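Just below sit the structures, each encoded as structure tokens.
Paired with chain B in one complex and with chain C in the other, chain A is shared by the two complexes that follow.
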Partner chain A sequence: MRMAAWLYLILAFGFIYLPVGTLVLFSFQDGTLPVPPFNGPSLQWYTEVLADDDITAALINSLVVAIGSSAVAVVLGFLAAYGLARHVLPGSAIMRGLLIAPLTVSYLIVGLGLLIVLNRTGIGLSLFTAGIGHVVINLPLAFAIIYASMGAQHENAERAARDLGASEAKVVLLVTAPMLAPTLAAAFFLSVTLSWDEFIIAFLLTRFDITLPVEIWSMLRSGLSPRLNAIGSVVFLISVTAVLILEFTVLRRRRS
Partner chain B sequence: MTASVRLNQLNHWFGPFHALRDISLEIEAGEYVTLLGPSGCGKTTLLSVLGGFIEPSQGTVFIADADMTSVAPAKRPTTTMFQDYALFPHMSLRDNVAFGLRMTGVGKAERHRKADDKLDLVGLKADGAKRPHELSGGQRQRVALARALAVEPDVLLLDEPLGALDLKLRRAMQDELKDIQRQVGTTFVHVTHDQEEAMAISDRIVVMNAGRIEDAGPPSRIYREPASLFAADFMGEMNHIPAQVGSAGAQTALTNLPAANLMSGAATVCIRPEAVRQDGKGIGLGDATVRDATFFGAYTRAHVIPTTAPDMVVVAHLPPTSLPETGAVLQLSVLPDDIRIFTKDTA
Partner chain C sequence: MNAGTGTKLGWGFVAPALLWTLAFFIVPFLVMGAMSFATLEGRSLVWGLHLDNYIELATRAYLWRAILVSLEITVTVTIVSVVLAYPLAAIIAFRVPPQWQRLALLLAILPFWTSYVVRSYAWLLVLAREGLINQALMNVGLIVEPITLANTRFATVTGFVHFFVMLLTLTIYANLVQLSPNYRRAAADLGANAVQTFRHVILPLTLPGIATGAFLTFVLCIGDYVTPQVLGGNNELTMPQVIMVQLGRRADFPLASALAIVMMAIVTLAYLASARWLRLDRV
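Let's look at the complex of A and B:
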């Protein structure tokens, strides 16, 4: 029975991590094909990737879009949550629903819709428009996370701040936002990871400057190469770093 | 800093619910006043009206003779100490206490100095760099007090400040609150449902019930000569003896009591358990049989059944030196000053 449990555990984790492990392993392939047999470790593909200006440019573009769009999504999500949690507004249930509804719309539809609108208005496609697309998909998530943690215990601290002479802006900046710092950081990092490897919207809404997933896709069209494995490993490393930062700073502190 | 408060004919409705009914009250500068009553009696609503969190449907609020009825909390010379303390968890104690001064534009060095003074006042001078989560409940309560006092309000409003503390700590904090109030001289308005706390701490108690003021006065007067049956019961245990007021006085099953200036009709005679005597002084209440008696240290608590009214049970607090056995017959009496009679219209 105990054996079966261990076997199940190994199979389950194998199922989840074997593809990633294979990808990372063959990024060190000494040869031109990322398939068995493994010919021994080599860093040649990493050297090549980091020397490739297109790839490093795409990587930086991705980071800029991820961080920029996430920051905007968190700020807008926070303001919406504050307004709806702290004030009695007409139709607030409908507004909450409309804010969260985009979560159910597929990225393809969001991307196509934005593409049509942008074409009509004559705004050229760029990293900026891809960023707009990412704000559209991340805002509902940021709003939902922040709204859920705006409890009544915070409300009394806000009342106390007002009672002590704080203006509404000071209440938000000095009391509400700092008290919600762990939640704001969680929403931000989650948005960053989602934006970081988002493909469809970035593909539809960029033209000359492209993000990393789009770059990888265009490279894939010329066939498999350990170069792609090396890029994938770098992307994976960055995602893992973001998750670890979240785990060790935000979630750890909240539990204590 | 201190100021008087004058409430004039306040009425407030929450939808159809009449939360405050014709509240008129004057509080002198530097007075320690307690609003006492059961939950839902309107005491917290009244405090919110004083603090500016609720604008009353009718009536006016004057603080230091200035009309404050529709002035926002931040612009009033009042601060509120909230029930859950509402400290800022992300700030040090010093920054918590200095927050109000920071909002009025006091420089950092100056406001930290003042914050340290206030922390010293509440006995937390050495802990200025700590965060609220490192403190015990009693300490948080002190920080909340220091923070509210740091802006030197004319009137400090305390919303059940001791409610979250255990009994022993609560009694200790009562003395401390009273002490601090004497030092700073600020007018304190304190909401509680604990009549012992109210008696220990207040210059004056305002007993509230169903949105009305039932009685207002010094603790000893309210305890000994309550203005209403509700106030009498709320301030402590009370024996109720049904009576009929007529030309011969108040007739009860035990005895006839003098009842001058009272409307004739059904009435209730009230006697505190500790006012029931067995030394024969005052007005005789006849014989009574002891049902049970328990030693409580400072007194002996006995349930006695009057011979002339076998359906009635009277609670008597007798001297601790006498522990009568069950079935013993006692001669009970009461001093005339210890009797209160409420006819239907005063109850």
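Let's look at the complex of A and C:
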């Protein structure tokens, strides 16, 4: 029974790591096909990928969209969470529901709706419109995470600051935001990870200045290639880094 | 209510996020809903309350078949993922020493953070004609000719199951570790064996974790375009694939919108079916 459990654990991890392991291993392939037998290791595909202007441009675009849209999502989410947690507002349950609503709809539908409106209004597609779409999907998460940690324990410090004559803006900026810093960081990094990997909205809402997942998508048409392995491994590495930073900040918050 | 702060000020804090959601989510969504009742006459769009698109969805074979294919794939993926994820979550929760559990869980869901596109491509490397599995099977001598694994429903389901096993392991594990060990002790004291304890004690108590994960699986699976497009090929199309075909080649936005509305209706039904056990706030 005990043996069976460990065997299952090993098989499950094998299944979970099979694709990503193959991806990374054959990114070091010395040859033009990322399939067995493995000849290598060779870094030629990484040097080729990094020298490719289209790919580096797409990589920078992705980072810009991820960081920009996450910053907007966290700021808007934080302000809304503060407003709803600290002020008694009529219809606050409905507003919370509205802010969370985009979570329940698939990305494809969010992108489709925005595409229709942008087409109708004649606003051209760009990196900026993709960023708008990414804020739509990340704002509910950022809001939910920050709202959940707006505990009453911070309220006394805010009240004290107010009694000492701080304006509301000062309370928010100098008292509430610093106290919630780990949560804000967690929301930000989660948002960056999701935006960085996001394909369908970026695909529908960009035209010329595309993001990395869209660039990879267009490379997919020419079939298996170690270049794709190399670039996929880079994307994975960046995601993992963001997740580990997220884990670290969440862990630190739990301990404090 | 705080001293010195008014409702107006509160509105000021909520307004930016609310306006953003209204302008870029609610309004586009309503326009999409209206679009599903419009029709195309030649290349020009005619607004109105036409049911043409919905009638087309019900009568044209390649459209209603896409709805069926999506449902079949999604239900298969949800069931297989739950069955595979449950033992993994249970082993991590009950067999792995407590100080290693967090690390085991983190490792078990790390590839979850690979982008859809990259993950699907990675499965293509494994399943392709000249890919890892075929080469391995031929080297061992189990097969002589490569077998077709990619561009099949099997490949789509495999890619999906891989992703959702990780998601479900997370939600089921979260549920399992909340259970007090006293339940298991009590069941054992009353003479239940391991199987009975699982069936009558553990399983019913973890239904919320299963339902939450299964619902998320259902929603994300039915709405995904990338996995079936990369791994399933074009032998049979799912709803998102048909939506993308309508947007691309044919620029038929009304039909695409109607299909999107149908997809949302299915998700709503799935929500109502599982609402009894859902604990979305605890994920």
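What we mean here is this: the second predicted complex is superposed on the first by the 251 of 256 C-alpha atoms of A that agree within 3 Å, B and C clash if a C-alpha of one lies under 4 Å from a C-alpha of the other, contacts with A are read in each partner's own complex, and residues count from 1 in each chain.
The criterion applied here is as follows: a residue touches a chain if its C-beta (ideal position, glycine included) is under 8 Å from a C-beta of that chain, and two chains touch if they have at least 3 such contacts.
The shown structure was predicted, so the numbers you read here are calculated from the model rather than taken from an experiment.
When both complexes are superposed on chain A, chain B and chain C end up sitting side by side without clashing. Superposition on the shared chain A places chain B and chain C such that, viewed from the Cα centre of chain A, they span 100 degrees in steps of 10. In the superposed pair of complexes, A:247 makes contact with chain C only, with no contact to chain B. In the superposition on chain A, contact is made by A:22 with chain C only, not with chain B.
In the superposed model, A:98 makes contact with chain C only, not with chain B. By the touch criterion stated above, A:160 is placed in contact with chain B alone, chain C being left untouched. Of the two partner chains, chain B is the only one that A:178 touches; chain C does not reach it. When the two structures are aligned on the shared chain, A:170 is found in touch with chain B, with no touch to chain C.
After overlaying the two complexes on the shared chain, residue contacts for A:57 are found with neither chain B nor chain C. Taking chain A as the reference chain, the count of touched residues is higher for C when chain B and chain C are set side by side. After overlaying the two complexes on the shared chain, residue contacts for A:67 are found with neither chain B nor chain C. Superposition on chain A places chain B within reach of chain C only down to 5 Å, the least C-alpha distance between them. Once the two complexes are overlaid on chain A, the chain A residues touched by chain B in the first and by chain C in the second are 159, 162. Remark: chain A residues 1-2, 5-6, 8-9, 12-13, 15-20, 22-23, 26, 33-37, 76-77, 79-80, 82-84, 86-90, 95, 98-99, 101-102, 104-110, 112-117, 119-120, 132-133, 135-136, 139, 143, 155, 158-159, 162, 168, 172, 193, 196-200, 204, 213, 216-217, 220, 224, 228-229, 232, 235-236, 239-240, 242-243, 247 touch chain C in the complex. On the side of chain A, the complex with chain B involves touching residues 153, 156-157, 159-167, 170, 174-175, 178-179, 181.
In the complex of the two chains, the chain C residues touching chain A come out as 1-7, 9-14, 16-18, 20-22, 24-29, 31-32, 35, 84, 87-88, 91-92, 95-96, 106-108, 110-111, 113-119, 121-126, 128, 130-132, 135-136, 162, 165-166, 194, 219-220, 222-226, 230, 240, 243, 247, 253, 256-257, 260, 263-264, 267, 271.
Residues 51-53, 72-74, 78-80, 82, 84, 86-91, 99-100, 103-104, 147, 151 of chain B are the ones touching chain A in the complex.
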